[in-house]
Structures are given as structure tokens and as C-alpha cells.
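The two complexes that follow have chain A in common; it is paired with chain B in the first and with chain C in the second.
Now for the complex of A and B:
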């Protein structure tokens, strides 16, 4: 187990390093002078000089990358030249909303998705309805779910606010319910489908037949012999879900006018505020990579066999 | 992203289903043919110019002249949806073609050469997996400016690893089959074996993978337009129409957003279900 964890950690650090290198290096792929790029396209010569100094653009590339990386690790994410402010101080007030939204959606996905999946695998009549619903659910982009929810629940029924993130825990809960549902929508369908397939497959296994023939109560069979084995594909999908939620949060925050990392990323991208884009992209990608590593570790805990073979 | 799962789990529920006519598949294929025809024939079948503004006719109810009504600027909704099909389908088609061609090439090379080449490409693909497609596309827009080109290229790269990974395992399995080994023993050159024997036999899987990717590419690209980072208004495009119509929802006119959203969902459902069914059929034949 220790070796398994160590291998995963090394892979994790390597992936993070390469990803950060790509995000940093992408700046130099863009046409034109990186200083102009960083300045957001409308810079006076003094500002350009300031940027060259701050980013040490005259130093070799690798030196600059290393400086940037060490700064990032110390919490210094650079400076936005559109806002003339530290990026970290711009991100701080926005992180909360995004984290709240993503966690809220993740809870919905796991709760509703796994329950529906189990129900449809165990009861055939529920099954066919759920199959049709998941096909449509999986094809519904978050922004389409968002406008349907806004039309029905915010405008026509007036139960929820149309936009904003609210303050305090309850205010947030109320404001972010529709966004979280919109964000979770397609993934609930996906998790339902995976859970259903995986539980069905376990149900037809020999050890389950044996347990049934020995008269073990169905409830116990499902809990002890089916569910635990069926969890492995489900946790794997949970890793994919995190990627989807991170990308989806960008869209949903925009749709509901929530001030979060995602909507700020879109704003920064259209303003060419590259320091901000870089910082947020790095944060999101790092979150995704770490979440996937955690999923790998969880799978290793659930299924000891993976610790031996699953090094990939 | 569901491609891998669909392919690996597909063989399970095949069997007796195969002989019966599959109405879901027929419906999906028909819808796709119709929507593609509509996109191609847009100039001839659209009742109005999609960009013809008529402020007086703002938010008109459906009528003989405007079968689906008009948007906030009095433009004919049906015509905008019809014209919108063009860019909404062209973008994902480009993404899928680029990702599939490059992905298949990488997959065959990796499966055939093995060794360090396989190892290096697998690592590179693993790292590409770390970038959610949409984030990659936004990064590209920040660098190269909004439009169709930057997001399409970015999403093609983001979709590469999914295609390459699935097809590599298919090619690897095929490579060890007797007929390929026979070609090898006969002394055929590698290029001939891979292009004339290996490629045609994995082509069904390539096709399935492309069909499945199409829906996701459409969703991602429409999201880029929705965020205002893709094609610029007043270009008719479904994702852009959803965003554009959102302001009217508060005024009680959700039609523009809902129609465009519905078309996106129907198109994606059709491609996903068709891809799933094809995957089942091909994997049955392969067994």
C-alpha cells in the first residue's frame, strides 16, 4: 500500500509540474510580445516597462518559469494589469461562491445519482423510465438546464432568485440551489447510468447468487456484496464528475450571474487579462488533477487488487 | 468522455436485441440526417433573412409569416434556428475530424511500435487529460482572441486523448490476432499492414468513437459561444441564441433560449444514442 501511495504521489507531482509548465508556457505561444499580452492589449510604454521588470522578461525562459512557480507556491499569483491589483486578492472573495456551488452540486450528484441508479437497478419498472430520462439528462448542457430552471422556477413560479450568490449560509443555499441543480443535472444522469450498469453487473455475479441461495436477506446482500464492488466504477466516474463540475461551474456562474472563479475566468479571457486567466486555469487544473489522484487512492482502498496491477 | 465506458460495457446487453428493428436507432439517424439537410439547405428553406432586424415586430407570437415568432429585435426565430444549424454543426464536425484523424494515427503508431513511443505518448495523453476541454478552450481564446478557430483547435486537442486511448487498446487487441500475424510472417511492409489491414478493421470503432465525441464537442463548443467567447453576434448559432434570449426570459419571452436549447439537446441525444447502439453492434460482431 505504501508503494502504491508513493507511486501515485510522484505521478501527481509530475502531472502538476507539467500542467503548470504548459499553462505558463502558453503565454509565449500567443502572437506578439508577451508584455503586451500580459498588459491586456492596451498598455502605455511605462506599463510595459513595469511588466518587463516585474516578470523579468529579459531573463531566460526556464528561470522565469521557476520564479513564477515558486511565487505561486507561496500564494503570489502575479498581478492583474486590467485591475492593477494582486491576482490573489482578486480571487479571494470569489473562491467561496465557486467552492460552495461545486460542493452543493457534488452532493446532489452523489445523493440523487447513486439513489436513482440503485433504485433502477433493483426495480425493473423504475428502470426503463430512468433509462430514457438519463439519455436526455446526459445530453442537456448546463446552460440549457440553467435557462429552463430560470424560466420555470425563478420567473414563472418565483420560488428562487434569478441571479446572484446571496450572503450567509442560508442566503447562499437559497441563491445557489438552482445553479447547483443546473450544474448537477447532466452528471446526475451520468452517475445514475453508471451506478445502474455497475450494480446490475454485480447482481449477476456468482458470489451474489451463492449468497442468495444461502438465504441471506436481500438487503444485506445488496449492502455487503453488491454495493461495495459496484462502487469502483462509481468512484472512477466521480473523478470525471469533478472535471465536469469545474468546467460546468464556469458556464453556470455566467448563466446565473454569480461572482465566482468561473465567471471571472470568462471575464478575464474576454478582457485578455492573462495573469488572471493563468492563475484561475492553474487553480482549476490543479484541483482536477488532485481530485483524480484522490479517486485513484480511494479505488485502491476499495479494491486491494488495484494496488498491485493498477499502476498506469 | 463517456466513450470509454460505453465501448467497454457495450457487449454486455447485446444478444437477442440484435435481430429486431431498433426504432430508437432509426429515429436518431433520421433526426441527424434531417438536421444536417436543414443546415446544408438553409439558404433555400429559411423563410426570412436571419439577420433582418424589425424593431416594431419584437417578440411576435407565432404566425403564418413567422412560424416560431420573432426575437427581441424582431428577427425571425425559425430562420435563425435554421441558419444556426450550420455553425453549430460545422464546429463540432471539425473538432471530431481533427481529433479522430490525429487520435487514430497516434493509436495505431503506439499500438504498432510499442516500447518507448507507446510509453511517451501514453504519458503525454495522461497530462492532456488534466485539462477539461472548456478550460482549454477559454485559455486559447484568452491567447488568440474569440472566434471559431481558437476554440475548435483547443477542443480538438482536448478530445485527442479520449479517442487515442480507446483506439489504442482496440488496435492493440487487433494487432495480436492471427491475420495480422500472418501478414507479418509473409513479410508485408509495416505501412501496408497498418493501412490496408489494421486500419480497415478498427474503422468501425473509429466511427463509433467519432459519433460519441460529436455530442460532447457540440455541448462544449456551444458553451464557448454561450459564454460569448466564440462566434460574435449577430451570427446565428444555437449556443449564442441561448445566451441572447436569456435577457428576454425575465420579460416573459423564453422562446428563443428554449428553442435553441431544445435543438442542442435533441441533436446531442441523437448522436449519443446512435453512438451507443453502434458500439453495441460492432462489439457483438467482434466477439
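Now for the complex of A and C:
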């Protein structure tokens, strides 16, 4: 176990290092001079020169990357040159919103998705209805779901706010319900299908048939022999879902005017705001790696045959 | 036992490998860059000429209201300000917010009359000397008085190349700024400058507190909550990405502008459909610059849309002097394009009539009221009220090099701009010129404006610019003369440059108008830009509030302090 964690940590650090280099490099190589936007409305050559000098935009790539890296190692994420503020102070209020949104959506996805999947696997009649519903769900992009939800529940019914992330737990819950539903929409359908398929597969296994023929109560069979085994692919999918949710959050945050990491990443990348892009990208990478490690851990707990090897 | 190997296989495929993560994130970042282009509200740059006149439903002010209101939400549709330092504020949002928090040396009314502000009076002693008397009762939010030293510091800041002021050009004729009495400042000029005092009514003449700027540092001033003004609203908090909260300054010196709204939550929603929904649901109380394409959807909104005169101009600017379109010496191709365009069709079809066609470099809304007849007479002589396709074709007779398609850059994600561009494209097609549209993201478009390398391969740029104040000369310095910011094709005409320079040195409005119109007749014939339309200023206010200015002067005056509750 300790070895597993240690190996995963080393892998995490290496991944972050490689990713940070590649992202910095691709941003550096992408065409575009960020100084012009910073200058506001009238970028005379003198003003542009000032800006490039102040933010070291003319320095060679390796120098800038090295500067950035050494600062990060000392705990300084750098300054957004667009906002002239520390990246950490710009990210702090956004991290909370995005984490809340993603967790909220993940809960909806797992809760609703697994329930629907189980129900449709165990009850044929429910199954056909759910299959039709999930087909629609999977085909609905988040931004379409967002527009429909806003129109119906925010503008017409007035139950939820159109935009913003709210403050406090209840405020956030209220503000982020529609965004979380919009975000969860397609994924619920996906998890439902996966759950249904894997439960059905387990149901037809030899040991399940054997248990059934021995007269073990169906409820017990489902819990002990079907669901537990079926959980392995479900957990794996759940891990991938988290990664997908963060990407999906970009669209939903934009549509609901939520100040989050996704919308900030889009904005920062388009302005070549290096320090911000780096910080958010690394946060994402770390989240993926950690989510993946947790999935492996859980799978090991669910099925002792899947020994933790620490590979990855 | 097949079960275990299968389960194992599934778990394996679920595992993400290092390189997959890296690729995934790289793809995400790339995607982010691409997505950013769409829906990108474009704040182009302060360019181009414009339009304007008629006043069907146009109003500079909205009905006054004097009820007290606890809190309202005001949205900046062009996104979050990157700064609220008047020295660095060059876009709609930053200028508007900076103007709520800072007083200016002189102040405009919504219909552009100059009033005293931090300067209680001014005296143009002679052509080269301007004396300001500073009022003694203004205080910053921390209670300290606004001193002559603060005023001198605030002005001189713009003249220091290290600050990177985007308003430095306002001070280009200034020789010195000095305190010459207890409450007196004298500005000396190297050349007479009729513009200077007028421009002191913009953020270029805003007053900051010297000690405070020194304390937080020049570069940091105006970022985050680091701001200290003497205006009617003070900064309470700035939650990045979310909102800026302003609070009424209870000690504001100007009783006429004592704020009636206690708190203003400023949001930055730029997604136009989200803005529309938030207005419909009553979550947004006010906003300037509602896109024309969204006006119809807002007819049922719990509020009113107002239209005011604007100094905004939509035009096509040639970028490349080496091509037939941009040839500084031979304007025929540009002129032919200009002749072929149906401007009224742009007004009717894109703006639903909420704009005026514009035939020259600057819009009629920028004319000096004291010399309006001179400007009008000159304007009437300019062709362009209706398209003349045959005349345009005749002009192109025998021209070489027109078979190559031209590339016109425009702002990606801006529906209005795209529709205007297609009309221009069609007009070009009618006279045998092919124009390809090239939508660019905000940063890429800004690059085309300010970095010569990025103009390669681009022949024309569709721009939305504005004049800072209603004076055509405010705009000409950007286009005429060697190295002028937007003189991309290097158009040179010594007569025009001399006449414009003389006009700027002329304080008499009629005499100045005559000089300007003389230059105008030449440069309009040379089609230095292809003017299109002057869209109206739009303003939305919910039924709860009223009183905000509706002219383009909203950029420079504390309009939030003019608001009041209607109930």
C-alpha cells in the first residue's frame, strides 16, 4: 500500500513536470502577441514595448519556463499579467465553485445513473423506457441542456437564478442546481447504460445461476454476487467521468455565468496568460492522476484478485 | 475463472497512462483556445470613423427618479475589466467603472456640455496657457482632501513613459504642468491645443490619490481592490471572475450627484443569451451596449431599452499599402468599394433602423454644435447616401491585380459584425472583387491592429471604434501623419496634415470647422477608410430604476450616481 502510494506520487510529480513543459511550450509557440490586449484601446509601439519588458514577454522560452518553474517550486504560482494579480488569489474563489459544481454533478450522475441502470437491468419494462430516455440524454449537449433549463426553470418559472455561483452552502446549492443538472445530463445516460450492461452481464454468470438454483433470495444475490462485481466497471467509468466533468464544466460555466476554473482556462488560454493557464492545467492533471489512483484503489478493495501492483 | 480475467481487463483499460493525461490536457488547452473565439465579445479597438445624425427616438438622458434603492445589479457585457486604473482603462467596461470611482478635472453632462468638477473653473489665459482653479471641498474615500499635488500628480502620470498610459497622446502638446497658487494649476503648451481641456473630461483627466498610488505601486494601482478615488462610488470588493461591489460614498462633495443606490453589484456576463435570460428574469437591472441582435428578445423584459447618440463608428480600414486596395496614392479601388455599398441596407437589415449611415471618417454626432451648419454643408456634398454600382465599376475599368481574393478580418463571434461584413462582401462581389472573411479572436484581432507582422495576408479590417469626445480632431491624430497608429497604408498628404494641425490649434469653433471640412473634402475623396454606419448607444434599465445617461458620455461620467428608484 505504501509502495503504491509512493509510486503514484512519483508518477504524479513526473506527469506534472512533463505536462507543464508541454503546455508552456505549446502556448509559447501558438501565434499571437498578448501584449496588445493588455494595452487596452490604444497600443502605441512604446506602450507595447513597456508591457513586453515588464512581463518579460521577449525572453527566450527556456528562460521563461525556468523562471516559472523555480517560482512554482517555491510556492509562487506567479502573476496573471492580464489582471496584474497573483494567480493564487485569482484561482482561490474559482476553485470552490468548480469543485462544488463537479461534485454536485458527480453525485447526480452516480446516484441517478446507477439507480436507473440497476432498475432497468432488473426490470425489463423499466428497461425499455430508460433506454429511450438515455438515448435522448446522451444526444443532448450540455449547452443545449443549459439553454432549456435556463428558459424553463429560471426565466419562466423563476425557481432558480440564471447566473452566478452564490455564496454559502445553501446559496451555492441553489445557484448551482441547474448548472449541475445541465452538466450531468449526458453523463447520467452514459452511466445508466454502463450499469445496465454490466449488471446484465453479471446476472447471466455461472455463479449467479448457481446461487439462484440453490434458492438464495434474489435480493441477496443482487447485492452480493451481481452488484459488487458490476461495480468494478462502474467505478472505472466514474473515474473517467470526473475528468470529463471538468472539461464539460467549461461549457456550463460559460452558459451560466459562473466564475470557475473552466471558463477561466478558456479565457486565459485565449489571452496567452501563461501563469494562469499553467496553474489551472496542472490542477487538472493532478485531479486526473489522483482520480485514477482512487479508482485503482477502489477496484482493489472491491475485488481482491486485482492486486495493487503500483503500476500506472 | 474467465470472470476474473475479464474484470481485470476492464479495470486495466480504465487506467489512464501518463502520456494520455498529458495529451488530454494539451487537447483541453487547445480546445479552450478555440472555444474562446466563439461568443468572444469583441472590444476591438479605438479606431475608426463613423456616422451620424438623425434623432428619431434618440435621447441623451433617461427620466430622472429619486427613490432610494438598496442594491442593483449592473452588467458589463464586454467582460470583466482587467483594471480600473483610469490610466490603463481603454475599453467600455474599465472606463465605465473607473468613472464611477474617480472624479475628472472637468466633467461632461450626458449631452456633452463641459462642467466644473475637480476644477471649479478654468481659464484659457492665452493660446499656450490654461489655468485651472481646484475646488477645496473634495475628499478621497479615506477622508483626506483632494490636493493640488494629487491633481498635478494624476496628470503628470500620463506623461511618464514608464506608466504605459494609453492616454498619453492627450498630453502630447503639453510643455509643463505646475502648481502656481494654493489652489491653482497652470498648464503650458508647446502648441495651442483646443482638444486638451475637452479631453480632461475623460478618464485621461481622472484624479487619483498620489500617496496611495505610491504606496501600492504604479503597476498595481487599479488591479483588484487597489483603488482610491474621490468619486461617488467606492470599491468594496472585487471577486475575480464574479463581481465588483461598489458602495455609495456618503461624503461625496457634489450634492447633485449624491448616490441614491446604496450598493451596485457589477457583473461581467458576456454570453449574450445568458445576459438576455438574466434581464428577463430580473436579475440584471441595467446594462449598456445591448447587442442589436438581442433587442427583439428583450421586448417583453421587465424594463425599458433606451437609444442614445453614440460616437461609435463601424468602418472598413485598409491594412496593406502594397495592394491595389490599400495603395496610398491611388484610392480608386477603395472608393469603388465604398460607392458600391448600400449603407441604408446595413442600417435597416442589421440594426433594424437603430443606426445612421455614415459617409465619412467621423460621424455627424461628433460635430461641434456651435458650427453645425459648416459641418452639415460639407457633409451634404459627400456622396454615399445610395449605392452607385455602375459608377464603381467604371472606376475599376482597367485596374490590375483585382482577380486575387481580398481578405477581410473581423471579430469572431460577433453576430452584428458578421452581418455587416456579408453586406460589404456582397457589394464587392457586385463590382467583381472577391472578399474572403476571416473571423479572429480578440487577441488575434488586437494583434492585427497593433503589430505590423500580423497584418500580412490581410487586406481589410472591419472595425468598431469610437471617438472619445464629440470632436472630429480627437480621431484624426490616429490616422494622419507618418507612423500614426492606424495609418497602416501610410497615406500621406502634407496639405491635409497641415490643415488638421492648424485646426487643432484653432479655438474658434467655426473657424476650426472650416479648416476640418477643408481637410475632410480631400481625405474623404481619398477614401482612407470605408465608412459604414454609426450605431445608436443602447441602454437597458429595469422598471425599478431610471436616470442613467444614455449618450456615449456614459463612459466618462458617474452615471450610477444619476440613478434613482422609480418607486
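What we mean here is this: the second predicted complex is superposed on the first by the 243 of 312 C-alpha atoms of A that agree within 3 Å, B and C clash if a C-alpha of one lies under 4 Å from a C-alpha of the other, contacts with A are read in each partner's own complex, and residues count from 1 in each chain.
Note that in this section a residue touches a chain if its C-beta (ideal position, glycine included) is under 8 Å from a C-beta of that chain, and two chains touch if they have at least 3 such contacts.
In this text, all values refer to a predicted model and were calculated from it rather than measured experimentally.
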item: Partner chain(s) touched by A:229 [first = chain B, second = chain C, both, neither]; value: second
item: Which superposed partner A:266 touches (first chain B, second chain C, both, neither); value: both
item: Partner chain(s) touched by A:244 [first = chain B, second = chain C, both, neither]; value: first
item: Chain B versus chain C as contact partner of A:136, first or second or both or neither; value: first
item: First (chain B), second (chain C), both or neither touched by A:128; value: neither
item: Touched partner set for A:194, first chain B, second chain C, both or neither; value: first
item: Contacts of A:285 with chain B and chain C, given as first, second, both or neither; value: both
item: Partner chain in contact with A:71 - chain B first, chain C second, else both or neither; value: neither
item: Touching partner for A:210 - first (chain B), second (chain C), both, neither; value: neither
item: More chain A residues in contact [chain B versus chain C]; value: C
item: Touching both chain B and chain C, residues of chain A; value: 15, 18-19, 22-23, 26-27, 30-31, 37, 147, 150-151, 155, 162, 233, 237, 240, 243, 247, 250-251, 254-255, 265-266, 269-270, 272, 277, 281, 284-285, 288-289, 292, 312
item: Of all residues in chain C, those that touch chain A in their complex; value: 3-4, 7-8, 10-11, 13-18, 21-22, 24-26, 28-33, 35-37, 39-40, 45-46, 82-83, 88-91, 94, 161-162, 164-169, 219-220, 223-224, 239-243, 267, 269, 271, 273-274, 277-278, 280-281, 283, 441-444, 446-447, 449-451, 454, 478, 485
item: Partner chain B, residues of chain A touching it in the complex; value: 15, 18-19, 22-23, 26-27, 29-31, 37, 135-136, 138-144, 147-148, 150-151, 155, 162, 190, 194, 197, 201, 233, 237, 240, 243-244, 246-247, 250-251, 254-255, 265-266, 268-270, 272, 274, 277, 281, 284-285, 288-289, 292, 312
item: Chain C contact footprint on chain A (complex, rising order); value: 11, 14-15, 18-19, 22-23, 26-27, 30-34, 36-48, 50-51, 54, 82-85, 89-90, 93-94, 147, 150-151, 154-155, 158, 161-165, 205, 207, 229, 232-233, 236-237, 239-240, 243, 247, 250-251, 254-257, 259-260, 263-267, 269-272, 277, 281, 284-285, 288-289, 292, 295-296, 299, 303, 305-306, 312
item: Chain B residues touching chain A - in the complex, by the definition given at the top; value: 1-2, 5, 9, 12, 122, 126-127, 130-135, 138-139, 141-146, 215, 219, 222-223, 226-229, 239, 242-243, 245-246, 249-250, 252, 254, 257-258, 261-262, 264-265, 268-269, 272-273
